[in-house]
Amino acid sequence: MERKLALKATASALVLGLAASAATAAEVEVLHWWTAGGEAAALNVLKEDLESKGVTWKDMPVAGGSGVEAMTVLRARVTSGNPPTAVQMLGFDIKDWAAEGFLGDLSDVAAAEDWDSVVPPALQEFSKWDGKWIAAPVNVHSTNWMWINKDALDAAGGKAPETWEELIAVLDAMKANGITPLAHGGQAWQDGTVFDSVVLGLGDDFYKSAIIDQDPEALGGEQMVEAFKRMEVLRGYFDENFSGRDWNLASAMVINGEAGMQAMGDWAKGEFVKANQVPGEDFVCIRFPGTQGSVLFNSDQFAMFDVAEEQVEAQKMMASAVMNPDFQVAFNLVKGSVPARTDIADTEFDACGKKGMADLAEAAANGTLQGSMAHGHGASSNIKSAIFDVVTAHLNGEYGAEEAAEELAAAVEAAK
Amino acid sequence: MSIPSQDNAINAGSLTRILIYTLLIFFVIYYLLPLWVMVSNSLKTLDEIRGGDMLAPPKDITFEPWRQAWSQTQIGVEATGLKPYFFNSIIMVVPAVFLSTFLGALNGYVMTKWEFPGVNLIFGLMLLACFIPFQIVLIPMARILGMLGLAGTLGGLIMVHTVYGLGFTTLFFRNYYAAFPTELVRAAQIDGASFFQVFWRILIPSSGPIIVVTIIWQFTNVWNDFLFGASFSSYDSTPITVALNNLVNSSTGVKEYNVHFAGAILTALPTLIVYIVSGRYFVRGLMAGAVKG
Amino acid sequence: MASLTIDQLTKSFGAVEVLKGIDLDIEDGGFLVLVGPSGCGKSTLLNCIAGLEKTTSGEIRIGDRNVEGLHPSKRDIAMVFQSYALYPNMTVRGNISFGMEIRGVDKAEQEKAIQEVADILQIGNLLDRKPSQLSGGQRQRVAMGRALVRHPQVFLFDEPLSNLDAKLRVDMRTEIKRLHRRMGTTIVYVTHDQIEALTLATKIAVLEAGYLQQAGSPDEIYNDPSNMFVADFMGSPSMNLIDGLLLERDGGLEIEIEGYGDTKISLPAPDTAEMRGFVGKPIVFGIRPEAMTDPDGADRTSPQIETRDCFIEVSQPAGSDTFALTPLGGKECIARLRADARIELGAFAPISFNMTKAVFFDPSTTNRIR
Amino acid sequence: MRDRLQEWVPRIVLAPSFVAILIFVYGFILYTGWLSMTNSRMLPNNDFVGLANYTKLFGLKHWSIALTNLAIFGTLYIVICSCLGLFLAILLDQQIRSEGFIRTVYLYPMAISFIVTGVAWKWFLDPGIGLENTMHQWGWESFQFNWIKDREMAIYTIVIAAVWQSSGYVMAMFLAGLRGVDNEIIKAAQVDGASGVLIYRRIIIPMMRPVFLSAFVVLTHLAIKSYDLVVAMTGGGPGRATEVPATFMYSYTFTRNQMGVGASSAIIMLIMVFSIVVPYLYSEIRHGEKNK
């Protein structure tokens, strides 16, 4: 504890020192992993908005493993007493940093702009700590989507599956048609994304008790065995070369008809759109069969660090700009996600986007909006990694279903 | 340090020579394959890459990906390409290589020509430092940089690279200077040369080969470093490897492989040039001391 | 120019003592040669004088100045190394002028000094070459030039000729001697070659195992060695050291030596008080090959020539002389005969012993008995 | 006075490097040792837990996989690189035309970071788009090369790429060593009637001992730092089949918020490395002493 105080003391001393040298310019330093292509360009909207208000944007992009590298860099920055102003973060990471006492307080901006009533409570869970706003949510991604090649679907009967059984029927039909039914990339987080959906398909309550509450009985129980069995079934529809494949290559397989469908979050839409595909005509987006009405989300937020007095003003301006409806629309149109605010009109969004926003609002209202484990909103990262270990090992044939369920319960217990 | 003679060759029949050349060419292909994959794909359009044979040469050569990677592609919020980061790396690498080489030379000089009790222990400790995995130094290093006020500065980054380069540079120079005639140092001392005069006037002018080896080694390591560059740089000192990683490893978004490969080659270009230009001196330099353990 | 005095000098490397209390001096303008087998400490002693090694205890004075702790460059010395130690990256001119440059001598004066030594050593045409372009002899000259140009009080030479071939070595030896004459500077010269020592020195110091065995003029060292080591080490072929028995006979002393087979020869020994202490005991009889000759070749000025029949086993004609091997005291001894002395192998022949040159040693301590 | 100062100059010159190494290497190792006995999670803390992290570490299947992989990888990598390096050096030493070109080709992989070549290797080894696919397109339908997707074989693909990267450097070291061999020895052997192969086997290769040792140092150094390579090529997969201690340490320290366990794995790794390297260094330094 003493050490942490000392750390913070050096931190603030340093920030003060830095600020003193550049006191005139209001500036924000932003650490994020939207490093390339469209999403980085979308972030530029925010940058330009802030610069028009006289705030300099210092960009610190660090790509790799959905924020893994960025979090490492963040540790180094915080340890050196030189934290960035704002950091792109996912779910439990925000809570962890808040618990360590490194985050700032946005409550007055939030109160002024009434964030409490426009951001779904499930998101607020991660944007607030101890009743104070600590982060500004940018978007909501939903992870329990299925992306289907329209032609392949038509050849397999034409009806989008809505239940597990229907899904299997379609997959079998696709297999009979000589294509890879399910495109998948064997990376831990992709395995986890599918696993999330499969678990959710066995019931919202089961997802909650197993993943969110980490109830050992649910983790090691019958239903979990069933979930692992379903994973094995799905595994049978992958092609041989799935392991290590990047998700966008899997999407490409669906786009060019090599594969029938892919279970992936809403960001996959960007790949389809980029390949000049039209939702509803060339491809179909549905909820993962059996999870209709439920939404697994992950939300990118800008967590605001506790910085020196001089920087706070700029920091708050940035938070406000992030929550600006125009930015939320502009950014999410590019990103494929939906705005974190639920009070935004869906006119500019396409079919999948509209569906996403409607689903989000509905799920938020029904209480079926839950955090995605695979994307850091279901469990803290040590537990997430423990689950990944088991899911990936099982998917690669290290364990049978029963054994995997036992392992899962044990691994989560060990990681707690 | 004599001129390399090639009389070691064993006289052999022409059949053997054909076999030798076949093997050599086979390995040339093995070593060039990845480079070929990168170069040929960097000259293709994205459509051609998606549709086609990875090993095939490009059908319509386009330099667009190269232009993109150098000056136009989106890296972070700014569409600057790799260009500014390239110069960041240069500004970082040159002083880091110079400093670590210089200190290594001085250390080697002291350790061989001015021995004092315990010098071998110090050498052993420095050599062991070559084997420390960099991941473990990240957090404590960040704290020290913070305490020194060097966090996120170019100076901090240069210091880190210099410190972790010292083990190898000292090893290289020590082995080289161990074979350097001590009588020369003595003669210079009698001539009145001071510690540093001996170093500058007598040792350094004769250290060409080992300086080449050390610079190649250090340049390669510092230029290619990602971990320190990502952790200790700041928005205006980000080295090119971090930028390349940002380009190549962005988690979501469309992957423009041709631009990635072009960027990758651009990133590797300085080290490649260093190897090609000084390759001749490299083996000579290794001969002159570095291989002597 | 100055004298050099070494007083109770010791030097240790860690626990190993390599110089064990050396007392030595050379007068101003003298030529001191340190000689001894390799590992005897002679080079270490030279390095101590130069200040390249720190002494452990004792004192070194150049003139009347104690140089203890002084940097080599301030001792007013110059040194020529075995490997010449020419700076490979500089030209001959640069090598010679480097020291002056360090001392800040002005350009014109440097050039004058360079020309001067270049004339002395006849290396004027080599000044712009690099050491790698020179022959061994030329490098040697440049190395000396670099030393000469300093006009030091003491020159130090560390086996300067050992890397040259035999002919060049003889030439350079003469050259060094000539230089010494001309400059008159005090020289300390290390070699393991006793001929070099004898030809060059005004004073020779023989070292062995860290001890100074004997110091003295070449004549003293050669003719009057103080122990068996010095006797054996100096001279080529080296002195015959023959085991014998000292007996008293007819009131005088006699040494009895085993010859070929069962034969014995006896030679008179000087009758001194010290010698008398060894009567009836084994003793070593030392005599140089040139004091064992054929009777016609014997030194006629010597008052004491003893001729004995010795068995000749082998003869080695060597141009000007013929060496004959004869067994005495259980060892092969060498006699130096005239080139045209007629000897028959495998037979006895008369050999004349010049007993004024004979020396005697105590075999248990190896010291001289006078 | 100045002469006394001169005596201290060497120590003063060496001091900054020595102090830097002492703090930045050994200080940090001690610090890591301390961390490994604390309950540090996301950030370091001082909550002492004794050896609990080590107990936990050795209970993890992950860790035993990582150790096994390092053993396989390290051994194969060092052995193959040394042998291939020597072999290529011998071939190149046969008065080869355009030796300079070939040498540069062999050497260049060392110049390139794995962030760069990892993608190319990944492609090349991927059966769907890489070598296997190409062979199929060229008409060799039965050709199969899917090691990177195979849990048993994936670690060997890492070896292939790693060997690709550093064997050229080792080759250069051996080439330098071969060029340094005294010709007279070889001539003497030829006069003795020894054949080419025999000369290499009995005379030249044994003389390469110091080169083997230098290569060993460099290769060990690189093997420990094999982090980039694994991350770029397989990310530790398929499953966790190519996890190595470096990736293990990184993920536990930085992404799993179990810094204490990460630190303990780092300490174990250091102990392993030092136990291999220290005896060698010791003998080398002692050897050097004797030669003086």
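The first chain written gets the first letter, and so on, giving A, B, C and D; residue counts start at 1 in each chain.
The rule we apply is simple: contacts are C-beta pairs under 8 Å (C-beta built on N, C-alpha and C of every residue); 3 or more make two chains touch, one makes a residue touch a chain.
These numbers come from a predicted model, not from an experiment.
Novice: When contacts are scored as defined above, which chain pair ends up with more C-beta pairs, A-D or B-D?
Specialist: Answer by contact count: B-D.
Novice: Find the chain most remote from subunit A, comparing centres computed as mean CA coordinates.
Specialist: C
Novice: Between subunit A and subunit D, what is the gap in Å from one C-alpha centre to the other?
Specialist: 37
Novice: Quick one: subunit C and subunit D, Cα centre-to-centre, how many Å?
Specialist: Comparing mean C-alpha positions, subunit D is 57 Å from subunit C.
Novice: Any idea how many Å lie between the Cα centroids of subunit B and subunit D?
Specialist: About 16 Å separates the centre of subunit B from that of subunit D.
Novice: Taking each chain's centre as the mean of its CA atoms, how far is subunit A from subunit C in angstrom?
Specialist: 91
Novice: Going by the touch rule set out above, which residues of subunit A reach two or more other chains?
Specialist: Touching at least two other chains: 65, 72, 75, 79.
Novice: Show the residues in subunit D shared as contacts by 2 or more other chains, in ascending order.
Specialist: 6, 43-44, 250, 254
Novice: Going by the contact rule already set, what residues in subunit C reach two or more other chains?
Specialist: Residues 71, 74 of subunit C each touch two or more of the other chains.
Novice: State the interface residues of subunit A toward subunit D in the complex, per the touch definition above.
Specialist: Within the complex, subunit A touches subunit D at residues 3-4, 65, 68, 71-72, 75, 78-79, 96-97, 100, 186-188, 239-245, 380-382, 385, 389, 392-393, 395-398, 414-415.
Novice: Mind listing the subunit B positions that touch subunit D in their complex?
Specialist: Those residues of subunit B that touch subunit D are 4-12, 17, 20-21, 23-24, 27-28, 30-35, 37-38, 53-55, 103, 106-107, 110-111, 114, 116, 119-120, 122-141, 144, 163-164, 166-167, 170-171, 178, 194-196, 220, 223-224, 226, 241, 244-245, 248, 257, 260-261, 264-265, 267-268, 271-272, 274-276, 279-280, 282-284, 286-287, 290-293.
Novice: Residues of subunit D touching subunit B in their complex?
Specialist: Residues 6, 9-11, 13-14, 16-18, 20-29, 31-32, 43-44, 88, 91-96, 100, 102-113, 115-117, 119-121, 123-124, 129-131, 133-134, 137, 164, 168, 172-173, 175-181, 183, 186, 196-197, 199-200, 204, 210-211, 213-214, 217, 220-221, 224-225, 227-228, 246, 249-250, 253-254, 259, 263, 266, 269-270, 273-274, 277-278, 281-282, 284-285, 288-289 of subunit D touch subunit B in their complex.
Novice: Which residues of subunit A touch subunit B in the complex?
Specialist: Going through subunit A, the ones touching subunit B are 7, 10-11, 14, 17, 29, 32-41, 43-44, 46-47, 57-67, 69, 72-73, 75-77, 79-82, 246, 248-249, 252, 256, 267, 270-271, 274, 335.
Novice: For the complex, which residues does subunit C have touching subunit B?
Specialist: Within the complex, subunit C contacts subunit B at residues 47, 50-52, 71-74, 77-79, 81-83, 85-90, 98-99, 102-103, 146, 150.
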